[in-house]
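Chain IDs A, B, C and D follow the sequence of writing; residue 1 opens each chain.
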Amino acid sequence: MDTMEMMKSMSMGSEPMNMDAMQECIQAMNACSMAATMCAGTDMAMGSEMAKCCAMCSNMADMADACMRMMMRPMGMETDVMRSMLTACMTMGKACAAECRMHADMDEMCRYCAMACDDMVAKCEAMMTSMAA
Amino acid sequence: MDTMEMMKSMSMGSEPMNMDAMQECIQAMNACSMAATMCAGTDMAMGSEMAKCCAMCSNMADMADACMRMMMRPMGMETDVMRSMLTACMTMGKACAAECRMHADMDEMCRYCAMACDDMVAKCEAMMTSMAA
Amino acid sequence: MDTMEMMKSMSMGSEPMNMDAMQECIQAMNACSMAATMCAGTDMAMGSEMAKCCAMCSNMADMADACMRMMMRPMGMETDVMRSMLTACMTMGKACAAECRMHADMDEMCRYCAMACDDMVAKCEAMMTSMAA
Amino acid sequence: MDTMEMMKSMSMGSEPMNMDAMQECIQAMNACSMAATMCAGTDMAMGSEMAKCCAMCSNMADMADACMRMMMRPMGMETDVMRSMLTACMTMGKACAAECRMHADMDEMCRYCAMACDDMVAKCEAMMTSMAA
């Protein structure tokens, strides 16, 4: 079984989306959500200097999950809602990556998480561009 | 025990927020999330003409939950991230209310859900205004 | 609008449930989820001695949310699934309350959270009893 | 970046777990959550005969997410809580797979989802066995 294979068989609702862009976006959000959950989980053991990182990564994971699920429900898609969700996810992804990058030298998890956020932001940008076309 | 009482004892991070506006926002998002989850749960039994309503309400519940949790993590708040999250939540709330209102005459759950979305949007607007001050 | 009012208008699926017990359960899970999210959010600022509390409260919030949503989807209820979900939620609630109670003297949030967990466990027990009847 | 690579760098808390079993479990829960979300999203368009499938898959996705996140927070692990969570996830996975399999012939998404549930149940069983050792 392959999740990407499943996505190809999703029938779309009234607003057709670029399926390739959407699949890459879902995959990047999924990786970002997992990375951020693990980063927050690791931060918990590291003391109060990681408090902001822990909270931002927890927020990031919740938002990536909400966004991802929206893209897996073809019947509920509306372009303007999707745009505002992607915008919020990208804004949070940039802020979370900036925070994680501040302690990426001493924490491997933060380095991974910053990369996962960056990749997610890039895939959201590509998705936004595909929607404008 | 009173959730609102708890919120008052949340210590804030570096970016002070209007706690009254935030508490009302959290409460309205919580009611909206529950209403939307129940509306979607009811839609499932009602056939394909409720497909869009079911998907949009499921999205609404996920987004309200993500937004609400962000506001309950004081260490991770950044004004620009919060603004983009509130904007996305309001955009989705308006779209979800519009959809639910289309079948509010025949479905009590949709009528409730539209009202919960409207109230949540109003509380987010008040929160946005309080952040600009 | 009143969430409890909405619940009363939920039509049930093939397996009838005690609606009073279920409504009290949903309400207690909701309060528990919010208390645990705020407790974890506060723990993040308090250093590594609160690491276990922060992780357990985060788990508690996720589980209470999952359980609550299940009870708001009448079409998907199966008695054995519901029993195992309630059992897991109660097991976690007891462990989370025990952890929170260890630092309830110095942290108001932990005291509230332990109470919310206890109340949730009691309401789940009542729900389990009503299902056996 | 590789999520599995990240998991290897998670430091464990006081209760050591079999990391190979846990990683396979997390991966299977993630695939199951995505499959169930897409299956529910597809069901929404298919009418009331898919109501139960839609509700059960929505429950499945929420529970797999809650379970997965718990396993990505090493500081909060307690053996008895984890056992009851895995048991609930497996009970739901079996029920969801049984429901999906009933319409697997006419719906590709249900066939995928049943397979993802089966695989998740198998990985949870292996994890339970590793915890007994």
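Methods note: a contact is a pair of C-beta atoms (placed from the backbone, for glycine too) under 8 Å apart; a residue touches a chain by one contact, two chains touch by 3 or more.
Given the structure is predicted, the values throughout are model-derived calculations rather than measurements.
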item: Both-way neighbours, i.e. chains that touch chain D and touch chain B; value: A, C
item: Self-contact between copies chain C and chain D, residue sets same or different by half; value: same
item: Computed distance of Cα centres, chain B from chain A, in Å; value: 20
item: Contacts with 2+ other chains: residues of chain D; value: 13, 40-41, 44-45, 51, 54-55, 58, 65, 69, 73-76
item: Chain-level touch network, classified as line, ring, star, complete or other; value: complete
item: Contact set on chain A toward chain D in their complex; value: 1, 3, 5-7, 9-11, 13, 26, 30-31, 34-35, 37-38, 40-42, 44-45, 61, 65, 69, 72-76, 108-109, 112, 115-116, 119
item: Sites on chain B touched by chain D in the complex; value: 40-41, 43-48, 50-51, 54-55, 58
item: Sites on chain B touched by chain A in the complex; value: 13, 51-52, 54-56, 58-59, 62-63, 65-66, 69-70, 73-78, 80-81, 84-85, 87-88, 91-92, 95
